[in-house]
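In what comes next, chain A is part of two complexes: it sits with chain B in the first one and with chain C in the second one.
Moving on, here comes the complex of A and B:
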């Protein structure tokens, strides 16, 4: 078994630590040492599941109501994409589709792959999965595009009866889904991909 | 004393508290979806002769000036003689889906007695509804060809019928005055059943409907009254509005009883006021709906707008 122990607080690395060190204070900064994040797999899976659940109302409920000359129009994410496409703005439609529908789904699928690999252990694709993990962490901060768009329009388009924009409950669900997938990514321990696997997280204190 | 029990070591797989998160997410998500679907009332189908200006997801159904539903789909009837419009009602408007509700399309209309539906120039047509008096729940309706003339259904005052020899320039929406205060308007008119006169229907607004008693006198106050005498000329007209659209005035005698006339009571319309009538000053308590003075526009709401 890998005997290297790394302190998350002061970055001290103990190259050959006895197993008892797991859960005891760091000799340098006294932060609690963990060989792996405790319950990383469970925590990450729980957040991912919550994010998946929140994606359902995020896509079913309307996210925005735009009011132009008294004609109100309420859109969900998908109907907004279709409306943009019909209006000939297929470039913007593509951006919204990728940022708001494709990316959250791909993130959840990737998390599923990580969980599977960490559970089974010794995945032949661990190198690729580690790279995918770095990418998923990077893309996380860009997924709030829709939320920012709605927030911006709500603030900027305020012309009384002529034109106005209101947020709808779906945008809250969408923000929650994005946030939860970010939590899921952050609480996953990518080192689990390189471990022997099988319940390695339940061996925590 | 008994000997201490042998301790039993139970190794439990601990379930981290984090699993509360998906549970909460599930509850919140389910609640959001349930609440959203509960916001919707039933769907109804309205049959229009002409669907001009009705657009799916854009045209709204309005009642009392508020959107209470929106058009989901516009389709041609299979028989090609009408247009079927599917309307999603709001949850609190579910009661509108009753068999005696009336639906009609509002388009801009400009006439002597006012401009109606001007906002539809910008927003496109909209559908208006007037609820009935609790008919059976229904799903399909046939739209009226044009806005209905108001009938006595709610707290909108009372209507009375005036019998006149000739119409005398009274148009729908013409004002009705009491002491030169506008208290109502002319709704409609038609020939008497055997063509020996004209029947004019008025509506007196609350609370002024209390002023009409069985012995009240009505006269045509429209047009101008020009008198040229030895000492000069006198021109009288109630208002510019009655000059253009015609008008009716009424008075109630001092000797009147206590009870206001019933809804739909019939009166005779005189061509002009008797001098006597103008002197009548009975004391009749008015239960004002709102305290204070008339503010401009308050009494002048466009007469036929059912949303008023």
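Moving on, here comes the complex of A and C:
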């Protein structure tokens, strides 16, 4: 058994801590020390599942209505991307597509791979999966782009009846999906990828 | 507060110059001295563990203070001017949150304000409170509890994403209204950059070590 305790708040390493020390406060910063985050797999999977469910209304419901010079247009995330593409702004369309559609999907697929590998234990791809975990944690936050975009357009484009922008319920679902997937990646513990696995009967060394 | 930091118990070996664990996979590593520009990697999972810098806490604190100072005009000055048929509207950073608030989405408005405005400020203030005593040569365990919050603040602090959203909005409405960037936008960009650099330079372990060194030693035989 791994006797190392590592404080995720102040990065203190206790290389040889007795198992009883698990769950006690860090001697340096008082954050709770965990050999592995408690119930990491269950918590993370629950958040990921909730995020997956929220992604459905997030993509089906409209996120924005623009009222520009008498022409009203209601868009979902995908139709917004296509509208940008049709207007010749393919670079912007690509940015929004990656942040709002590709990143959430990549995150959920990656989380599925992590859960599978952590549950089985001793995955041959655990090095790559650990790198993927770090990457997914880093890019996950860029999904907030669409929420910020709708927020800013709503606030900035206010010219009475001439031009206005309104948010639609899809934004709430999308923000919820982003939050839930962030919680999912945060509650997962990538050290589980290097353990024996949740379903192995403590195999003999 | 200082009295409540317990001495390490005999249950564990004493930290300090001991090995460091990779936060990603748990592999133990001996400490090495990093030269400027050096990057240490975990030998098992390949994650980046630490980075060597030529300069010290003072330079990191300088970036933090730069970010903190820029945060003020970034929030007070207009970031975009929109002109349409003789009407001109100036937008502030908080305008996005107000827009959602008025559209009956208060929770999303709070989220936008938190991620784009509040969390970066909290992160910069925490850095100041942690680095200030070290730079002034008066390290104390009093501010150490802030270390527990750094990760949460960093997680929700995404001024660079807000910045990109504003730029995308810009291009999107550029054809409909006369759109001009205003000084607040550059301040927000500077703040986001300074924050990014400060976070990259900030070594949590070393800072905690510098602040807590006395108390840890107190418990060491």
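Following the convention adopted for this analysis, the second predicted complex is superposed on the first by the 181 of 205 C-alpha atoms of A that agree within 3 Å, B and C clash if a C-alpha of one lies under 4 Å from a C-alpha of the other, contacts with A are read in each partner's own complex, and residues count from 1 in each chain.
Quick note on the criterion: a contact is a pair of C-beta atoms (placed from the backbone, for glycine too) under 8 Å apart; a residue touches a chain by one contact, two chains touch by 3 or more.
All values reported here derive from a predicted model rather than from experimental measurement.
Using the contact criterion defined above for the overlaid structures, shared-chain residue A:135 touches neither chain B nor chain C, since it reaches no partner. Residue contacts after overlaying the shared chain place A:57 against chain B, while chain C stays out of touching range. For chain A, the partner touching the most residues, choosing from chain B and chain C, is C. Applying the stated contact rule after C-alpha superposition, one finds that A:47 touches chain B and leaves chain C untouched.
In the superposition on chain A, contact is made by A:159 with chain C only, not with chain B. By the touch criterion defined above, A:20 lies against chain C but remains apart from chain B after alignment on the C-alpha atoms of chain A. Common to the chain B and chain C interfaces on chain A are residues 69, 172. Within the complex, the chain A residues that touch chain B are 39, 42-43, 46-47, 49-51, 53-54, 56-57, 60-62, 69-74, 169, 172-173, 176, 180, 202. Partner chain C is touched in their complex by these residues of chain A: 2, 4-6, 8-18, 20-21, 25, 27-31, 68-69, 84, 87, 89, 92, 95-96, 126-127, 130-131, 133-134, 141-142, 144-159, 162-163, 165-167, 171-172, 175, 179, 182, 186, 190-191, 193-194. For chain B in complex with chain A, the residues that touch the partner chain are 13, 16, 18-19, 21-22, 24-26, 28-29, 32-33, 35-36, 57-58, 60, 67, 70, 119, 122-124. Interface residues of chain C facing chain A in the complex, by the touch rule stated above, are 4-9, 11-13, 15, 18-21, 23-28, 44-47, 80, 82, 84-85, 87, 89, 91, 95-100, 102-103, 105, 107-109, 111-112, 115-116, 144-145, 147-148, 150-151, 155, 158, 161-162, 164-166, 168-169, 171-173, 175-177, 204-205, 208, 212, 215-216, 219.
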